[in-house]
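Each of the next two complexes has chain A plus one other chain: chain B in the first, chain C in the second.
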Partner chain A sequence: MPFVAPYLDYHAFAPELVLIATFVAVLVADLIGERNKPLLGTIAGLGLLGSMVPVLTLAVADEPVRAMFGGGYVVDNFALTLKALFIIGGYVVILLSTNYIAEGDFWEGEYYLMLLASILGMTMMASSRDLVLIFVALELLSIPAYMLATWRKRDPKSNEAGLKYYLMGVFATAIMLYGMSLIFGVTGQTGLAAIAASPAIAGTAPVITLGVVFVIAGFGFKVSAVPFHTWAPDTYEGAPTPVTAFLSVASKAGGFVALTSLCLVGFATQEEVWQPLFWVLAALSMTVGNLLALRQTNIVRMLAYSSVAQGGYMLAPLAVAGHSIDGRRESIGALVVYLLVYGAMNLGAFAIVIAVARKTRSGEISSYGGLFQYAPGLTVVMTVFVFALAGIPPLGGWFAKFVIFKALVNPGTSAGYALAIVVGVNSVIALFYYARIAQQMWMQPVPDEDRTPIRVPPSLVGALGICCLVTLVLGVLPGLVGEIGDLAELASGR
Partner chain B sequence: MLLNQFLLLAAVLFSIGVYGVLARRNGVLVLMSIELILNAVNINLVAFGAYHGTVSGQVFALFVIAVAAAEVGVGLAIVLLLYRNRQSIAVDEVSSMKG
Partner chain C sequence: MEAFIDDWGLTAALFLPLVGAVIMMFVRKEDEAAHKQIALLTSVAVLAALVAVAAVFNYNDAGRLQSVIDKEWIPVIDSRYHIGVDGISLPLLLLTGLIVPLVIIYSWNHFPEPRNPKAFLILILILQTGMVGTFVAQDLILFFVFFEVVLLPMYFMIGVWGGENRMYAAIKFFLFTAFGSAFMLVAFLALYFLSSDPVTGAHTFQIPDLPDAATGLASGTAWLIFGGMFLGFGIKVPMFPFHTWLPDAHTQAPTQGSVILAAVMLKLGTYGFMRIPIPILPDAARDWAPIIAVLAVIGIIYGALGCLAQTDMKRLIAFSSVAHMGYTMLGISTLTSFGFNAALMGMVAHGLITGMLFFVAGSIKERFHTLEIKRLGGLLLQAPRLGWILAFCSMASLGLPGLAGFWGEFPAILAAYQPAEGLPVELFRVCMVVAAIGTVFAAGYLLWLLQRTAFGTPKEEWEGHHFHDVETPEWLAWTPLIIGIVALGIYPNFVFDITDGGVQSVLTAFSGG
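Moving on to the complex of A and B:
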């Protein structure tokens, strides 16, 4: 059989190609000389902005779906939206890192390289519709993240963060691979569309159930769903704070993307298996995450548990996604909108944590006492972020919660109603700990009477501006992202 | 075809690996247990690939081998770092953060 070169659409690959070029540029600039060090962050940031250009041109192009490698690599609206989220999120993380990394005792060049590699893995994950590709993309986004979590080499806490993240991550990946091998064994296919089309996957053989459960458990770790969340608080606390922001937003979103395309495309006929599983994971994540967040005294740890709970809200629409094409479309839309809004508000909250820690050198919530008296700007912005996370109108968070509710209630099943009630109760619980931060900042006295203002570097101001703008605009004009819900290609099981 | 024998071997390896990850304290032995799971996956993939008469199983297995090597490289680096800072690689002693 003669070799036929696969069809390559370079326009569809352009965002990844720009990222790879940026990776090489940072590597070379780091090699050439010591005095290039301050430039590395700028090159990485510009490269990320550059890779947004092809994402935008692809979004306005006429061709809605570009498939390559026999449907293994697909660039559609769903993939493009998430690529934009990963790239902009990555850009904000670079803005957060610039001063943090330069002022600390860190390896700068490699830091940006690892960050870029991880973002490349995420953009690949958004397009992957093949078991092999999903695995490779997952590892490309995870392995650099393990190293980033351990980046403070001499700090035992950072070591601990990296070790826990690594061991749990690799274990989960291994379990997921075993599940994938079973799915491959049943169907003889690795492409998700081919798996869905194979008659064998529609059966009720226990081996299929086992495969699906193992795969979901593996990604449950990535999105830190309870009971696979145990690494999250320790890793978040011990890792450098910009890395924590990156893990809690981008890496989590990567897991959700894979879960969505695996379950809604590949295992579409197995909804009897994954719907109840997502139901339990969502309910547990919300409840356990929120209850544990209530008693935290360290703000990063509190945000870690809050992000576990937020992951629960995002899992919720997947628990009702299997009923109909419309249901799938609505669930995917709700998940994507929530990811976008969550990305903006959570990155913003971490940006404030980094800014405040520049002065207080502390992550305790009590160190936020009286923040309003010496940093009124930061206080107002942080209040916006915590109330957005709590889901108070008119900030972005309420709209995200609203679409989740809508996706849960619309199928009209008792499971959907029950989960909607769980979401509602949890939103009230969450308000307590979010409001506690606001109360500390506005009403408590300054703990050590040190009222010197906080000097916020320009890159942090930029990051805060982007996050604040997105949070506010999406809350006031939700129609801007409402259209994203129309991701028909994925929902119809392509 | 003797597919079931391969699958049985893989299942046993997988179980030993999972037990090792959960029960072992030594960092390097935990990594070795993870390798056992990954090799169980490889046996599964190659056996199923031969059963279905496609090469994608072997290709997948090659990817797993290559990526696992990178993964373990990072893992050993982290364990080495741990040893430098604590003079011990017992993973259960690494628990300064709780709650």
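Moving on to the complex of A and C:
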């Protein structure tokens, strides 16, 4: 058979191409000279914004779905929405990092390179509909992240963080790869649509079950679902805070994207296997995450457990996703909306942690005492973020939680209702530790009576502005993302 | 002009407080006078807007929603910006509109520690948006959002400006309410998915459309959905056994917070019962009514006994709220128009009277720095006007005929004699008797309170102290409430005329009302 060059739609690739160009530009600028160092962050940031342009042009283009490589690489609304999330989220992380990296004893150039590479992996993940591509994208987003976690190179905690993340990560990847090989062995296919169409996948053979379970377990590490979450708190605490923000939002979202396309497209007929699995993972993640978060005294560890719990909420709609096309659409929409809102509020919370740590040099929750008295602006914004995370209207989080509830109640099954109750009870538990931060900031005295104001650099102000605006606007006019959440293409199994 | 008010009056009342709050955010914290003026101006403007709405309201047709705005809000979930006012919500809206400016006037020279009028007044304005919004929302999701909006400002008000045990009280208030809301939200969603329009088959969140849409619900399901809403509203009211947050929150909150909590926020729960679960799920309401009635009278007796045991004046008033809300819920549980009217009257009366009582308690605390009943005494000698106002409010609260409180309690008890068809009459009559005994208790604890605090001679520790009597801001804040208490006492039809039409329309499903 003669070689036929695959069809390439450069428009569809443009976001990734811009990212690669930015990667090269940062690399070259870093090589040219020392005095370019302060520019690197700016170049990376501009490049990310630049890659948003094709995402937008693709979104308004008439062609709703662009598929390449035999359906292995698809650009549809689902992919575009998530690419936008990864790119904007990455931009906010760069804003968070600018001063942190420049003022600390860090390699600057390489930092931005790693970040860009990881974001590139995520944008690829959003489009991947093929086992091999998913694996490549996963490695591309993970390996730089392992290194970023160790970026505070003289701090043993950071080394521990990176090493733990790396070991757990590769272990999970191995399990996942084994699962994928089983699936491939049974079906002889790697494309998700082809797997779904293959008659072999529809059966109840133990080997298929094993494959599906292994793949989900592998990604369970990525999204830090209980019981695969043990790396998260240590890694989050040890890693530089901007990297933690990146891991807790972008990297987690990457895992969810893969889980969604794998289960809802590739293993669509195996819902008997993955629905109960997701049910248990979701219930465990939120309950264990919330209960452990109650006990934390360090704000980063608390946010780590809170993000485990938030991951549980996001897993919840997948537990009822299998019953119909309509249900799948509802679940995907809920998950994507949650990811978007969660991205804004969680990045925002980490931005405050970074800003406050500039003064207090501490991550203890008690160091937030009396923040309202000397930094009222930061306090109000942080209050917005924590209560948004808790899901209190009219802040963004309520709508995210609402669509989760809606997806769970929609099928009318007892499993769905039961999980909705679990989510409800957990929301109240979570409220307790989120409110504790507000209580520290508003109601407690200032420790050491040190009321020197906090100087917030402009890049951090920018990051806070973006996150706060998104959180507030989505809370009042959630229809804006509601439309995006309507992602029929993926649900219909293409 | 009328058309303009019809279109914009409610929306203005809803969002003006937020506009005021945003303006205040840009005014320097040190400029306290400006903050007070902006806040007062805003709340008076809201009151004016609400009065304008009341002026164009067609009282002959109070059962129909009026000043309706129905615009797209979140199309993906079929939720709409749908607001309107009818005979049930109008009195409560006016109550809200009245209380907030009075609270701000009272604050003029009574800012609780740690002062910060900017933040304090901004929170009050945000609260107002939430309260007005809850009373006008005609979409379940919109209702839910506004119902929750009041949580955060009140949490901060209690937690930052409250008494010694403020943090515990604040988080307790917050967690209790949020717990109920979570179940309420699930119930709303279940209602949305399980009900459908009999003609088009479409799901809906619109409260006026839901009674028709929900007719096809299986009775077991409806019972559960009602139960979810019962948790949400019952905690807010609060009903026994969910009342435990209330004494803490009321006692620890600053005076202004207590007044708003007692006067308006508790009514969100009772109003919710009248607006959502009962008209939408009439059959389930019949099943739940006896449970509600029994819990209501337990609340009456328990609240009264609680009052007798208190040593702190504010805590005593808080427990009396539990008892009073018991009467309101008893009126609601009868599912008759008589009971509903009584409940609405009780809500307005309780808002005026208990609001006043908390004001007075706040002023006493400010003068004596304590509300410990056994340290007080002889208030009539120390500050005679304040003492007489306290006496007046106690009389109103215990249900003295001729004052507003009477019209809240007495008809509610009477309504229990003949509940709606299909309800166990014997049970309700027993409840009636128990509730009537409760009024005796009420007279007991309030008169005893009066005797211990206002009568007698001042305690020795206050010898040589001079206490200034009622001051101008206090007069300004209290006079409208006192006038209201007397006016409604003499001519309760001010309220009954408005509410009756609205009550009839929500009770169409119950015959024999």
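By definition in this document, the second predicted complex is superposed on the first by the 494 of 494 C-alpha atoms of A that agree within 3 Å, B and C clash if a C-alpha of one lies under 4 Å from a C-alpha of the other, contacts with A are read in each partner's own complex, and residues count from 1 in each chain.
One rule holds in what follows: a residue touches a chain if its C-beta (ideal position, glycine included) is under 8 Å from a C-beta of that chain, and two chains touch if they have at least 3 such contacts.
A quick note: this is a predicted structure, and the numbers were derived from the prediction, not measured.
Peer 1: Identify the partner contact of A:F432: answer first if only chain B is touched, second if only chain C is, both if each is, neither if none is.
Peer 2: In the superposition, A:F432 touches chain C alone.
Peer 1: Going by the contact rule set out at the top, does A:V265 touch chain B (first), chain C (second), both, or neither?
Peer 2: Once the two structures are laid over each other on A, A:V265 reaches no partner at all.
Peer 1: Taking the superposition on A as described, I'd like to know which of chain B and chain C A:V386 touches: first, second, both or neither.
Peer 2: In the superposed model, A:V386 contacts neither chain B nor chain C.
Peer 1: When the two structures are overlaid on chain A, which partner does A:W442 contact: first (chain B), second (chain C), both, or neither?
Peer 2: In the superposition, A:W442 touches chain C alone.
Peer 1: Touching A:A420 in the superposition: chain B (first), chain C (second), both, neither?
Peer 2: In the superposition, A:A420 touches chain C alone.
Peer 1: For A:R154, select first, second, both or neither according to whether it touches chain B, chain C, the two together, or no partner.
Peer 2: first
Peer 1: Give the list of chain C residues in touch with chain A in this complex.
Peer 2: By the definition above, chain C touches chain A via 29, 72-77, 119, 141, 144-146, 148-149, 151-152, 155-156, 159-160, 166-167, 170-171, 174-175, 178-179, 182-183, 185-186, 189-190, 192-194.
Peer 1: Mind pulling up the chain A residues that touch chain B in the complex?
Peer 2: Residues 131-132, 135-136, 139, 143, 146-147, 150, 153-154, 156-157, 159-164, 166-167, 170-171, 173-175, 177-178, 180-182, 184-185, 188-190, 233-234, 237-238, 292, 295-296, 301.
Peer 1: Residues of chain B touching chain A in their complex?
Peer 2: Spelled out, the residues of chain B in touch with chain A are 7, 10, 14, 17-18, 21, 27, 30, 34, 37-38, 40-41, 44-45, 47-49, 51-52, 54, 56-57, 59-60, 63-64, 67, 70-71, 74-75, 77-79, 81-82, 85-86, 91, 94-97, 99.
Peer 1: Please name which positions on chain A make contact with chain C in the complex.
Peer 2: It is residues 333, 372, 376, 383, 387, 392-394, 398-399, 402-403, 405-406, 409-410, 412, 417, 420-421, 423-425, 427-428, 431-432, 435-436, 438-439, 442-443, 477-479, 482-483, 485-486 of chain A that touch chain C.
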